[in-house]
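Have a look at the structure that comes next, please.
Chain naming follows the written order as A, B, C, D and E, and within any one chain the residues start at number 1.
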Amino acid sequence: MSGNPYQEGRGNRDHSITNPKGTGTLQPSPGTRHPMSTANAFLIGDSMTAGYGKGPDILHDCTIAVDPGEIAVIVGPNGAGKSTAMKAVFGMLDMRQGSVRLDGEDITGLSPQDRVVKGMGFVPQTSNIFTSMTVQENLEMGAFIRRDDIRGTMEQVFDLFPILRDKRHQAAGELSGGQRQQVAVGRALMTQPKVLMLDEPTAGVSPIVMDELFDRIIEVARTGLPILMVEQNAKQALEIADTGYVLVQGRNAYSGTGKELLADPEVRKSFLGG
Amino acid sequence: MIVVDDLHKHFGGFHAVDGASLEIAEGTITGLIGPNGAGKTTLFNVIAGVLDPTSGRVTMDGEDITGLPPHTLFHKGLLRTFQIAHEFGSMTCRENLMMVPGGQSGETLWNTWFGRRRIADEERALRAKADEVMEFLTIEQIADLKAGQVSGGQKKLLELGRTMMVDAKIVFLDEVGAGVNRTLLYTIADAIKRLNEERGYTFVVIEHDMEFIDRLCDPVICMAEGKVLAQGTLDEIKANEQVIEAYLGTGLKNKDKLEAGA
Amino acid sequence: MSEQMKKLGLFALVGALILLTGYMQSWNSALQILNMGLISAIMAIGVNLQWGFAGLFNVGVMGFVALGGLATVLVSMPPVPEAWSQGGAGVVLGLALGAATIVAAALVASRLPKGATRSLAILGVLVAGFFLFRAVFDPGVEAVEAVNPAVSGYLGGLGLPVVLAWPVGGVLAAGGAWLIGKTALGLRSDYLAIATLGIAEIIIAVMKNEDWLARGVKNVIGLPRPVPYEIDLQNDPGFVDRASGLGIDPVTASTLYVKLEYALMFLVVLVILLWMAQMALKSPWGRMMRAIRDNEVAAEAMGKDVTRRHLHIFVLGSAVCGIAGAMMTTLDGQLTPGTYQPLRFTFLVWVMVIVGGSGNNFGAVLGGMLIWFLWVQVEPMGLALMQLVTSGMAEGSALKSHLLDSAAHMRLLTMGVILLLVLRFSPRGLIPEK
Amino acid sequence: GGHGKEVKLGIIMGFTGPIESLTPHMADGAELAMKEVTDSGMLLDAAKVTPVRADSTCIDSGAATAAAERLITSDGVNGIVGADCSGVTGAILANVALPNGVVMISPSATSPGLSDAEDNGLFFRTAPSDARQGVVMTDVLMEMGIEEVALTYTNNDYGKGLADSFQSAFEEAGGTVTISAAHEDGKADYSAEVGALAAAGGDRLVIAGYVDQGGSGIIRASLDSGAFDSFHFPDGMYGAKLEDDFGSDIDGSTGQVPGTDSPGADAIKKMGEEHGFDGTSSFVGESYDAAALIMLAMQAADSKDPADYKDKVMDVANEPGEKIYPGELGKALQILKDGGEVDYVGATAVELIGGGESAGNYRQYEIKDGKITTVKYR
Amino acid sequence: MDLLNAVVALSNFVLIPAIAYGSQLALGALGVTLIYGILRFSNFAHGDTMAFGAMIAVLLTWWFQAMGIGFGPLPTALLTLPLAIMGCMALVLVTDRLVYRFYRAQKAKPVILVIVSMGVMFILNGLVRFIIGPGDQRFADGERFIISARDFKTWSGLDEGLAIKTSQGITVVVAVICVALLFWFLGKTRTGKSMRAYSDNEDLALLSGINPERVVMITWLIVAALATTAGVLYGLDKSFKPFVYFQLLLPIFASAIVGGLGSPLGAIAGGFVIAFSEVTITYAWKKVLGYLVPESLEPDGLVQLLSTDYKFAVSFVILLIVLLFKPTGLFRGKAV
């Protein structure tokens, strides 16, 4: 087992990893069907092989990339390694092979904090808010590395998620599941990142909020901010995606534009619920 | 079978559930939808005995069950899953399932010392049952992993699996779908349907995925701001102006930008 | 397989350490350490039941150990008839009144509807009961305590064989734990910890100040023993013959013999308790307890009555500590309430559990034995270290004498260093839970 | 018989734990006696006396027993000075000293219960019995015309025993004890105790505690709040700290310590100064005396075997014979060697009565101008 | 007049000592609560950290006194406080580097950290005694009283005296300042907020660009400052003795718990609850009543609810009662 003796019961409670055998019955296909150009990718995790601690490899030669102003979406069965890939790109676990490049610069060796400073923003899948702090303080913490006036950005976030304006002085831990998700995305936006990474931002949000979130994501992306996200609401996500990746057992199974993947019958059947 | 009568739950000055009244008929799969923060989970928690209501009454088959603790409700056949998965992290997934059935003779200390044969027999049966459930949910390969170390979606499945270990009467599912792969989710939907038809479970399902609701639920109840906003078949609900405004929305506004960018 | 080897290896190591003590120091010392080590192991099992199995943070171990000790006096000392005739009735009646008051208050609480009236009524019952209790109880106590205060001044015990005190100690501690559990088990983590710590202090305060019960701080010495006295053995020609037959001088033989008998008795108790704990852990009961420890909310939703189960295990674990407490007082041959200090009787036991490996019964036993060994042996180690350090210094230098004078404090220092080293290299304990 | 070149004496005291601030001085006192004897070269065949220290922790019977076990069965000591606190003393006596037949002389265990402990003639105490002191105290106070006192005691067998015996003696003599309140040593704050004592009132506050422990805290808090400004101190409260810390603030306070109008106490004080420890700290004299008694008894029995010398302890401690004070151990050894008799007086006017306890002669003192001044002996 | 006497007697023996003692406990509890709140474990070494800080102050005070440096009517120890704090900071940073950091990196369970802190406690225990010995050390100098009982009597003409010690005055003032500063720091400053964020969710703090090691370091620095201040103030009021500092740990923890772990306001409230319950419940009301009621009704007994033997037990009973009604303390503390 990869069990870290020190780790039980504390820290990031997102243990949503370590399933050596994978979930689905699909066999990973070797490589991608469509040759992809990552030459001008803004952020790229290139042929990553990674795992937790001393445990087995969870990602196998996996590549994900996002171009400037575009939305890239990762889909795949539960336990495929989507969250792991995101964490690997953000430098939160050991990379055994491969590299991460941001805007042409190799950042493989940087710590997560340094990546934040370099302009990367990340919303993890779970425990993604400060539960004991108020909504407003959560947003302020998002802007921790900024030294300039943050009020404008905060107004923008409140405009995007009006409910947060009403609950700005409430402890974030008392919010409902969907409200928390909004706080989490808001927090990441506060950083004014150069690239935004979202791990299942719409899990548990109502359709109207989901639409709004996607709307906003499109808007944000069109301002030039590349967005890399993991989604289980795959149909909607792929609809807005410029690029889509299907991960299976830590490998790139399919990639292509969102439209292409949506049109692919096999992908539809196996991952999008038909 | 479950009747909720003018239920209120206040957190400080905030009215999370504000006079909800609803009825869940035996043998149905009732969908519960509503905007984030509408009070759905809170309502579940009050019915399931996790929270005490500020006022109001809940009855089950005519019996007042208001404020009964969860473990008592479990033995009356009322089960629930959690919106945020509550697995037993240091136990294997199989153990997570095997611990569920109540009244195991091995749960009495005396028997652990002096009734070992009986326990062994029971355990064998439990194990078979657990394996069957895991196979059904296509998670048999994680049987011997610690539940704390499986992926988010797998934890959700495990939650559902637990309700299948006993003969429940009514099961409350709080967003089983969030974070679960869609293909798998629809398999789950089929499972729920089968449990409903073959074993006669009643289900109450909170979910934001309309396709899922569509496959399963009739009737559908929509809550907003702690009250019941509308009730009926999904089509009726979908046509309801208020529901559209508060919950469903009208789709993406930025479609045009999408085209522009591509 | 290798796990098993490691376990065996560690136990062998502790065994070797004790044997080494026998060779290097004396067999008496070795057996003495073994005996207290066995008792410590039992205490550790008790705490492990609560923490390792159920996640209950009980820092009131001291209180239950002390209750066990109290049982030894109450069971084995001869009764003091004069005290009974002077004030026994008053004391008993007073206690009965006190209990009645609490029951009455509880009744009022359950009968009357919530509100100001109820609070007032409860308060009234309690206050009236308190004064009534004091009025009856105090004179009784005074009379009892006046009976030859220098050597008696208490009601005495039942005069039964002292081994009976072990189960009784368990029962007494269990009773205390039940009361405490009923009130305090709703608390979480460190809040429960401090609550239990406080309750333990209260138990000790009562034992120190209620002289009629067990002489308070004046101590009860000369408790009966379950084994023969060394002096008697030394005066027994048969024993002396046998000893000299073995080539051991009678004094050593008698002291070793007595310690061996104790060791045997303790070992039997330990093995029984270990077996019971082990069987429980590996059964559905253990699985249920682990589930409760992992996630109470979910366990509750899965039909497990968490409150009741918590109470059970709290009572059980405390009872085990009580048994160990009674055994220890028996070994000491006296009850000295002043010696019950949290550092020694609570925190040290916790160190044993954590170093041994919480959640694992064998770990607890190993931790108990090992830490006790160190607790005793770091003293000479520290001293030796100091002598080594100062050996190069000029005779009579101020620094040297200061250092030598401080040598005793090397004990805690060494203990601390060892503790940190063990946790550093094996943070889940020496024998971790699987 | 059995003369060796080396005599080993165990010193078992609570070097860690609640009375850790007293024990280093006590041990120094005992070791000083041993050094004196070694230097004199008179004991047995010019034996060297080696002290072996062990930690009784004062509170942990288990650890104390283990330490004593090691002293006797591993280090092979010929006698034990100690232990300090009554609880561990009883445990060591019953579980180690008695079975192994080793003499123990405790400088500070005062519990009356120990008098009746089964000891096979092996256990002695140089600290006086509490019962005796209660009577002496009553006399002192009554003579000054003080008939109403408040009483506080350290909550252990010493404090409680002394308080009990004093209270009964005092009330028998017609006095009133307005309150008898316990205080725990080593606690953070004594305002509650002082508040209660002040409310009860009294002409004087009797503190049956230790000067290095809670006793000082009580004095400090009483003075600060103006609750009491004169006190009466039993033996545990005697020490240079009274002068150093409180000085003339407590002028008019009285007390008694074991002592005769002998130079013993002064002698130990001076010797302490020379050797870098506080000879007036609690139980230092008693410790010196305990060690001295063991060695003198050995000399008298001409053996270091406890079985031989245990019967001689009473002889050397009591009349008849030449009086011996601290610093005169060499002389005493010589007398004994020559077949003479000694009456060891030592630092604390040792007089052992039945059961091997100190009989207790007392020196009554008063604080005048911040100095401890002797009033008389009784 | 009698009423005044009663009030003065009550103030002198109950209010003033309890307020001073309460402030001392509160300062100690603040340190404990901060570590619990941010580093998430109960630090058993806190009492000994206090002892260590105070020890440096004692040594420095002696040195200053020997050099003839004084602080007017105020105790010299106050002058040495900044230096002592720095010494103590060095100590805790070294401990953190050598001991705690490893476990933090491994994300160890809180209970392991608790036991580790016990190891540190043992070591500090030995270290302090090694350096300064186990004995009682007095280092208070300067003016002892703001007003002494005797002066008060002559000034007011009352039968009862009222004494306020300099150390008591300083303690209360310093406690108020410390709490105010801490509040402002945690609630308003960027660093303070980042500390709260870290305590809430370490990994997310990391994602926000907060440097965890910096947060930990600042926490330790504040704790060292609080511990030293508390230790010195306590020592000035009573006296310095290592064992007593260890014993102080229990009431300090009780205070932090009553108030709610992790809540600075709670630590203050808890300190006072514990101090007042210790002093009032065992107070003998005889004297006060003697002034208040007519002579004929004057009580014979002490009018004491419980004897002082039980004062410690009483404060724990209060603690239990508080916890039964508010399971996470008065100010809704955290629970790991």
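In this text, contacts are C-beta pairs under 8 Å (C-beta built on N, C-alpha and C of every residue); 3 or more make two chains touch, one makes a residue touch a chain.
Predicted model, so just to flag it, every value in this text is computed and none were measured.
**Student:** Could you name all chains that are in contact with chain B and with chain D at the same time?
**Tutor:** Intersection of chain B and chain D contact lists gives C.
**Student:** Which of the two pairs, A-B or D-E, is linked by more C-beta contacts?
**Tutor:** Taking the two pairs in turn, the one with more contacts turns out to be A-B.
**Student:** Averaged over CA atoms, how far is the centre of chain A from the centre of chain E? Could you give it in whole Å?
**Tutor:** Centres of chain A and chain E (C-alpha means) sit 47 Å apart.
**Student:** Round to the nearest whole Å and give the separation of the Cα centres of chain A and chain C.
**Tutor:** Result: the chain centres lie 53 Å from each other.
**Student:** Report, in whole Å, the distance between the mean C-alpha point of chain C and the mean C-alpha point of chain D.
**Tutor:** 31
**Student:** Among the residues of chain E, which are close enough to touch at least two other chains?
**Tutor:** Only 103, 106, 108, 110, 112, 129, 133-134, 307, 309, 312, 336 qualify.
**Student:** Out of chain A, which residues touch more than one other chain, so two or more?
**Tutor:** In chain A, the residues touching two or more other chains are 5-6, 8-9.
**Student:** Which residues does chain C have that touch at least 2 chains other than itself?
**Tutor:** Each of 208-209, 405, 409, 411-412, 427 in chain C touches at least two other chains.
**Student:** Can you list the residues on chain C that touch chain B in the complex?
**Tutor:** 276, 279-280, 283-288, 290-291, 293-295, 297-306, 312, 316, 433
**Student:** Could you please specify the touching residues of chain B with respect to chain C in the complex?
**Tutor:** Within the complex, chain B touches chain C at residues 48, 50, 69-71, 74-75, 79-80, 82, 86-91, 95-96, 98-100, 102, 104, 106-109, 111-113, 116, 119, 122-123, 162.
**Student:** State the interface residues of chain E toward chain C in the complex, per the touch definition above.
**Tutor:** Contact set of chain E toward chain C: 36, 42, 44, 99, 102-103, 106, 108, 110-112, 115-116, 118-123, 125-127, 129-130, 133-134, 250, 253-254, 257, 261, 307, 309-310, 312-313, 316-317, 319-320, 323-324, 327-329, 333, 335-336.
**Student:** Which residues of chain E touch chain D in their complex?
**Tutor:** Within the complex, chain E contacts chain D at residues 9, 12-14, 17-18, 21, 24-25, 129, 133-136, 138, 144-145, 148-150, 153, 161, 163, 165, 234, 238-239, 241, 243-244, 247-248, 251, 275, 278-279, 282-288, 302, 304, 307-309, 311-312.
**Student:** Which residues of chain E touch chain A once you look at their complex with the stated criterion?
**Tutor:** Against chain A, chain E makes touches at 40, 103, 106-110, 112, 190, 193-194, 196-197, 199-211, 334, 336.
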